[in-house]
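Structures are listed in the sections that come next.
Each of the next two complexes has chain A plus one more chain, namely chain B in the first and chain C in the second.
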Partner chain A sequence: MASREARFHKQVLIDTTPLPDHIPKVKEIGASSAPLMSASFFIGARCRAYNDDYMQCKTEAHGTGEVDCMREGRKVTRCAASVIDDINKHCLQQFRAHWQCLEDNNQQMWNCRTAERPFNKCVFDNLKLEKVIPGTPPNVVPVHQRRKQIFADNDQSKDLVFPTTKAKTADTKATA
Partner chain B sequence: MAIPFEALLPYAVIVTFFGISGAGLLHVQRIQNGGKKGRRGVDRWDSVHLVMQRDRRLTGFLRGQTDKAAAPEGFEFNNAWRVEKRFS
Partner chain C sequence: MPQDMPPVGGYGAVQYRRNLPTRGFRPAWYLVGMGLVMTFGFYKYGVGVREHNELAREKMWSRIYLTPLLQAEEDRDQVRRHWADLAREQELLGRQTKAYHSDRFVRPTFAVTPEKPLKD
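For the complex of A and B:
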């Protein structure tokens, strides 16, 4: 008898009514939390304009933004999905290594720098998206590029890999 | 004055059994989390309201993860509204 999940009981209501037809459809993003966390800076790098647009629309809508800003919201969803799709096409191996590390380490970025560096390099080489942490002062090395890590649950100092700089030095040596 | 080794045997037993139960609990926790380490410092936003519930809706398991770009069929219809507690 109870072969299907209840849709309405004293705690939750699951509304299965689809959106009306005059609202254009958009596929929701299928990535779960750890892949989204891993890709977040690249989503920000490509979709910043759309995200800012959506937030401005919501601010100016004074409380009815969820309805009034659906056009902007669809752009946000499509843009983020495009980033995830591109990363899956070009950097799937590094992406999976990074988000599986994040998932095994309480989703804390500082515990997964060794997996993050090859991923950042791959995304930069293939998609031209660079990880920039907003609000980093210009005279400070960003935390994901520092050569010395002070704290991590796993000791990552022994295999600190800097593929970007290493590749650069290799290139200059080859040309010189 | 040397301590006879029989005096230390109870401590050895205590340490061993605490170790066994600790390792067992760790193992149980890993089983509960799908073979991964448990989450810690998780607030209600992460666990109850949005993030991990969304993972569960996507994968069917609270600690499940997927990296697909598009959500599975019917994902937009299984979002639960939390019902207000009844006034009495």
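For the complex of A and C:
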């Protein structure tokens, strides 16, 4: 994307001074692009209010948002981290399969429907988060739920199967 | 002197037409057939465009949902560096200056970097 080399990148711009103590600490999300993309719709589903708050704060701050909106920014990061944590707790196998598929397929979601369908189902069953694409015309089936697609792999029998999921949830229920 | 005249009863017919059998359908049907093929092709093309639009929408929203998260992380890092710069300036010069006649946050163009690469 960038037409020129980045000259001030993290290897050069080393400044390890932490934020002052009166700023509450927050652990950064720490996930790379493919897992984030895989979880993005669930992050959006749970954290939409925080995200909107933060973006509105930035817009209304007129240039000082970097400092003034840190509180909202921490909420955004914590919320997203909670989604990733929950997905890791309940749907780790499906999540891993999906984001590794994205990693291998140029991060094109249509290339990974066979991994996405079980992942979406698991997240909906366990976390009650649903993937919704806003702005989809009401008279069409959302593209990730279509039985027939031109580009994607339509064959639902090729969907990845995760046999241990049920046993795992049963285990956690038994212990809880 | 008598002139040459056609034979009595006239000349026989000149055969200028070829007696080949006509092949295939009437030309209009070929036009109709091409129209049908083109219509079908454009229909399939339209379906593909619609699907591409939906895929693009999916991609855009996945990014839109992540933007605040990525922006928040970047902003925190920028503020951390900015405050570290201010503290360093206070320590070295005893005062804090502003390069711009404005209170807005400006991403720094230049940055202090350590002389030797640090090990982390």
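The definition used in the following text is that the second predicted complex is superposed on the first by the 140 of 176 C-alpha atoms of A that agree within 3 Å, B and C clash if a C-alpha of one lies under 4 Å from a C-alpha of the other, contacts with A are read in each partner's own complex, and residues count from 1 in each chain.
Convention: a residue touches a chain if its C-beta (ideal position, glycine included) is under 8 Å from a C-beta of that chain, and two chains touch if they have at least 3 such contacts.
Everything quoted here is computed from the prediction, not taken from an experiment.
Superposition of the two complexes onto chain A shows chain B and chain C fitting side by side, with no clash. In the superposition on chain A, contact is made by A:150 with chain C only, not with chain B.
Touch counts on chain A: comparing chain C and chain B, the chain ahead is C.
With both structures placed on the common chain, the touch criterion links A:101 to neither chain B nor chain C.
Judged by the touch definition given at the top, the superposed model places A:115 against neither chain B nor chain C.
Residue contacts after overlaying the shared chain place A:14 against chain B and chain C alike.
In the superposition on chain A, contact is made by A:77 with chain C only, not with chain B. Once the two structures are overlaid on chain A, chain A sits at the apex of an angle of 60° toward chain B and chain C, using CA centres and rounding to a multiple of 10.
Once chain A of one complex is fitted onto chain A of the other, the partner contacts of A:29 extend to both chain B and chain C.
Touch criterion met: A:51 reaches chain C, while chain B stays clear of it.
Minimum C-alpha separation, chain B to chain C, in the superposed model: 5 Å.
Comparing which residues of chain A touch chain B with which touch chain C, the overlap comprises 8, 12-16, 18, 28-29. On the chain B side of its complex with chain A, the touching residues are 36-37, 39-41, 51-52, 54-55, 58-59, 63-72, 75-83, 86. Those residues of chain A that touch chain C in the shared complex are 8, 12-20, 26, 28-29, 36-37, 40-41, 43-44, 47-48, 50-51, 54-55, 58, 62-67, 69-70, 72-74, 76-77, 80, 109-110, 133-136, 140, 142-144, 149-151.
Touching chain A in their complex are the following residues of chain C: 47-48, 50-51, 54-55, 57-59, 61-69, 71-73, 75-76, 78-84, 87, 102-105, 111-114, 117-118, 120.
On the chain A side of its complex with chain B, the touching residues are 8-16, 18, 27-35, 81-82, 84-85, 88, 92, 95-96, 99-100, 103-107.
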